[in-house]
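Everything on this sheet refers to the single structure shown next.
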Amino acid sequence: TAAVAGGALTGTARADGDPLITEIQDWNRYLGDGVQARPYGVPSEFEAHVVRRDVEWLTASTESSVNFTPLHELEGIITPNGLCFERHHGGIAEIDPANHRLMINGLVDKQLVFTMEDLKRFPRENRVYFLECAANSGMEWRGAQLNGCQYTHGMIHCVVYTGVPLKYLLQEAGVKTNGKWILPEGADAAAMTRSVPIEKALDDCLVAFKMNGEALRPEQGYPLRLVVPGWEGNMWVKWLRRIEVGDEPWHHREETSKYTDLLANGKSRRFTWVMDVKSVITNPSPQAPVTHGKGPLVISGVAWSGNGRVTRVDVSIDGGRNWHTARIDGPSLPKAMHRFYLDIDWDGSDLLLQSRAIDEMGYVQPTKEELRVSRGENSIYHNNGIQTWHVKTDGTVENVEIS
Amino acid sequence: TAAVAGGALTGTARADGDPLITEIQDWNRYLGDGVQARPYGVPSEFEAHVVRRDVEWLTASTESSVNFTPLHELEGIITPNGLCFERHHGGIAEIDPANHRLMINGLVDKQLVFTMEDLKRFPRENRVYFLECAANSGMEWRGAQLNGCQYTHGMIHCVVYTGVPLKYLLQEAGVKTNGKWILPEGADAAAMTRSVPIEKALDDCLVAFKMNGEALRPEQGYPLRLVVPGWEGNMWVKWLRRIEVGDEPWHHREETSKYTDLLANGKSRRFTWVMDVKSVITNPSPQAPVTHGKGPLVISGVAWSGNGRVTRVDVSIDGGRNWHTARIDGPSLPKAMHRFYLDIDWDGSDLLLQSRAIDEMGYVQPTKEELRVSRGENSIYHNNGIQTWHVKTDGTVENVEIS
Amino acid sequence: ASSVRTDGPFGLGREATPAEVAAWDIDIRPDGLGLPVGSGTVAEGEVLYTDNCAVCHGDFGEGVGRWPVLAGGQDSLTDERPEKTIGSFWPYLSTVYDYVRRAMPYGNARSLSDDDVYAITAYLLYLNDVVTDEEFELSDKNFVEIRLPNEDNFIPDDRYDEPHYANKAEPCMTDCKAGVAEVVMRARILDVTPGSADDDGAGAGAVD
Amino acid sequence: ASSVRTDGPFGLGREATPAEVAAWDIDIRPDGLGLPVGSGTVAEGEVLYTDNCAVCHGDFGEGVGRWPVLAGGQDSLTDERPEKTIGSFWPYLSTVYDYVRRAMPYGNARSLSDDDVYAITAYLLYLNDVVTDEEFELSDKNFVEIRLPNEDNFIPDDRYDEPHYANKAEPCMTDCKAGVAEVVMRARILDVTPGSADDDGAGAGAVD
């Protein structure tokens, strides 16, 4: 009656049957763990490979570094909190919410200090938004480099935020007529700052304290983070402690030295905030090869746009010669991830998989070549070019560029 | 420069200022943990109180028992996987997906066995659904008993499922014309079974392998569970290993001894599948008192209906004498949780809070008294009566019944 | 060449073998479908029950501590605290055979032979006064003849005939009830949070 | 009586004290707004830099290992591997003062005095050949006179003028490109999964 390893028999039966069926398994006979074995639950031990991963050679220290969401292991549009990629500039600030304050200063009628409890007395909203680092896919500007969508596209996550519309807090302080920009600032060792135009601040920004229903995770800014829907992840200041209102932008380090886009002619674009329309096939992909041979194959992926909803995703299996409009499944929400599928019958020959998203503004995801022609190869940021995966006859998958 | 406890100063400033602001805190100076400190992340240490909890005297053993979702700590409509309430009948089956099989037998053209890999080759869907145990609020039939919405209403969660529409699997086997019922069965030590009519099976049931984007949690049926939208949680068979098609229902233990509703006249309703329109205010509530005194107060809660969308939620602050239509916030999806808010100015006097949901079928959440008049007090299941919380002048909250 | 799919069938999975179906197809229905060939007597069942079941369910099915009660409770269904047992509540005997075979004894399921389950089922009938003869033998031959007393008291779901649902009236919004609301009842268990002052007081009611 | 709210203001929070605003309001802008009173010379900065910064950024700002490069790279912005430093790339000196004061030295932020930051900023100008005199003193008085070489090379975001965005054409669906697609380039790093065969090979490019 002991459990029998099923590997050899998977998918086929002996004359008398698969012992995993014909013999009574331990889990069908003996009691498992009861309730409260884990008051806060964790994934199965068989899912231990589903984790955020970093690339050691990328950065000098883990405290200013990044790791990547395992997109190829996920489904739907919500990223579980434990798997949302991390990007820190001075490590994770661990802050007792009782010791956290939010200050509003600068060009306001009344400079204010809020406790967390104060903030939870304002009307609040729940919104699903993707957060993408502007450097996502940045290592692919010069050509195919990393073998896995976790690494090429994993600086993104999408969760439900609960927070106070920033406009309520600014109204409370009273923005002066010459207040045109805000400077959100973090409480961490990097004291992260970015300049945000007041129009955006008064539009859809949230001061969030929850993600996916529970408190923000420490690595995502617990107890308070700024949500800047559709815009560069770097602007979503974590451990938010202060918002200054000013009449001009600050041109701080993260909007001059970083997060500016160097063009081939030596000029650099600045304030390139919106994360453009983009998509990627997550399965199959280099970390998620096809193991089942020919026949029915689910092609699955995610698409998003900082401009609003994704209205259509096309998928090609022949390297962009012919396209099929994919099925977008589940909620289609503005500035949120979208899940798409194309179900095919695989004949077992090579595939060159691509996906191409179109957003509600009518923008079409460009090819990598189109981007390189317009921008050169030194932009680092905002690489939303169409990704190609080469599925080989043995089911393995490689990150390639094609003619 | 050490961190200063802020308790005494919260909300007020000394002449020179709050030392949490005027003195540089450790987390603003020294580096915190880097990326990959926790490849699969966990909540902040300051959230250690946000856990599932059980009530020890309820059951003889934890392996056939229940714990409760901490609704009063959550927001929005998605329950984090680690906090989804647990209900087991033989403990948690721990199953290697490679060793899991799904059989379809009975009145079909071809009896089939699927591996997990087979199932992942069918077209799949992502849908947000609440799962409520039919016994949720069951301990309140005779009157107010437990002080906390975690205990009175916490046998519910709402997540995004990814799975294969059950109809595809049944089509694959070919249901014979006399196939009118299915019997899903679990692989756990309780080998859980329920009878489900074929109309429901072919309508919106899913055979799910993911929740909130990642693999099902072990306590929620990893690697496979049946999703039966809007219907009693007990029917959502976990560790799903078999589906038999038959011409009559099976009248198994969980649909005869249990999950039948005993009326005052000694008759019992059977096959009471739908979870009716229901709501509860989660904040304030006994476990989440008002700590900030009078002034702006956010009243927050959740509503749901097994019949479809919730179209309206009304809130009363005077024990049902007068009602105010609340703001439903975030996605409104059929058979999913809905989040509602009423923002009030609290004058500091006693409140008798109630919420009342209305669904798209036009059903209105009944009062507890209406239910008792129709059903008596021995029904155990399907208690969707309007809950009353008494907010006292000191901000503490009690579970009460009122005239 | 590879092509885009529109719909099934997909040709996935494989045919189940007869041995596989037999291994898992253990369910029983009231009409006897699924009953294995076999038999067992009340007297045989008493021994098996005493050895395997009584530690939790009590020598007479009265239940030890909070473990389930299996016998008694006849005519209690309209009481304030009804006792719902096989004899007082369950509609079909097939449920007993099915459930004991699939899930009992708790912690060692699937350890009983088919004959064992017949014998134990016979003994549970005896404990519930449905049969009175210790020599009574239950088998796949006579199984469907046995009826449980409460079978006729199950009715279809008619919730939506209840007045609060049936009329679907627009609910009242203002001055819905005369007089100021008064608290008439408070939570019996003040705090069930583990570790808090009075979480040890046991309340009434079961989880299901 | 308690009443339903419609909108703000809510009267929440409290007024910040001047000391509190002063403690947190440390940001600097290109026009000099926010600069504290103070000063420091290149020579003073060299000592401070050598003690606090050189271990990571190198004696001449050349960067040790993978730690950031702070000087050099002039005229490299159109190269295949541009070197973006304060001297070669940054538009405004205020960013140096602001960033060093808020975030450096890495691991011991906020440990430098305002004068220290003036001195180090002066030294970084010197390492970048923007000033050449070791006696040069930077202060809140002369700060905004200093211009960095690359200031004029920043332009507004004009992504949507790019041809692939500007025309918003309906994309091609069939026979979009002549000939069968050929693979022209493969991933340079075959497997970055920790523990796998070739994850030690370092690739090109930085995270940002």
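For reference, chains read A, B, C and D in written order, and residue numbers begin at 1 within each chain.
Note that a residue touches a chain if its C-beta (ideal position, glycine included) is under 8 Å from a C-beta of that chain, and two chains touch if they have at least 3 such contacts.
Quick caveat: nothing in here was measured; it's all calculated off a predicted structure.
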Quiz item: Can you name the chains that touch chain C as well as chain D?
Solution: A, B
Quiz item: So which chains count as neighbours of both chain B and chain D?
Solution: A
Exercise. State, to the nearest whole Å, the distance from the C-alpha centre of chain A to the C-alpha centre of chain C.
Key: 46
Quiz prompt | Chain centre separation in whole Å, for chain C relative to chain B (CA means) | solution = 23
Practice problem: Using mean C-alpha positions as chain centres, tell me how far chain A is from chain B in Å, no decimals. | Solution: 27
Quiz item: For chain C, what residues touch not just one other chain but two or more?
Solution: 5, 10, 12, 14-16, 20, 24, 106-107, 109
Quiz item: chain A: which residues touch two or more other chains?
Solution: 11, 13, 18, 21, 28-31, 53, 61, 63, 65-66, 87, 90, 103, 113, 118, 121-123, 189, 191, 295-297, 343
Quiz item: Among line, ring, star, complete and other, which best matches the way these chains touch?
Solution: other
Quiz item: Okay, what are all the chain pairs that touch?
Solution: A-B, A-C, A-D, B-C, B-D
Self-check item: chain D partner contacts - residues on chain A that touch it in the complex
Solution: 53, 55-61, 63-66, 87, 89-90, 103-106, 110-114, 118-119, 121-123, 133-135, 138-139, 141-148, 151, 168, 171-172, 174, 183, 185, 189-191, 193, 234, 241-242, 244, 246, 248-253, 256-260, 262, 264-274, 276, 286-287, 314, 318-323, 352, 356, 358, 362-364, 366-367, 370-371, 374-375, 377-378, 380-382, 390, 398-403
Quiz item: Contact residues on chain A for chain C in the complex?
Solution: 11-18, 21-24, 28-31, 295-297, 317, 324, 342-347, 349, 351
Quiz item: Which part of chain D faces chain B closely enough to touch in the complex?
Solution: 1-5, 10-12, 14-17, 19-20, 23-24, 106-111
Quiz item: Can you name the residues of chain D that touch chain A in the complex?
Solution: 5, 8-10, 12-16, 20-21, 24-31, 33, 56, 65-68, 77-78, 80, 82, 84, 86, 89-92, 94-95, 98-99, 102-103, 106-107, 109, 153-160, 162-165, 168-169, 171-177, 179-194, 199, 202-208
Quiz item: Where on chain B is chain A touching in the complex?
Solution: 3-7, 10-11, 13, 18, 20-21, 25, 27-47, 50-54, 61-63, 65-67, 73-84, 86-88, 90-101, 103, 113, 115, 117-118, 120-128, 160, 162, 187-189, 191, 210, 212-215, 217-219, 222-223, 239, 291-292, 295-298, 300, 327, 329-331, 333, 339, 341, 343
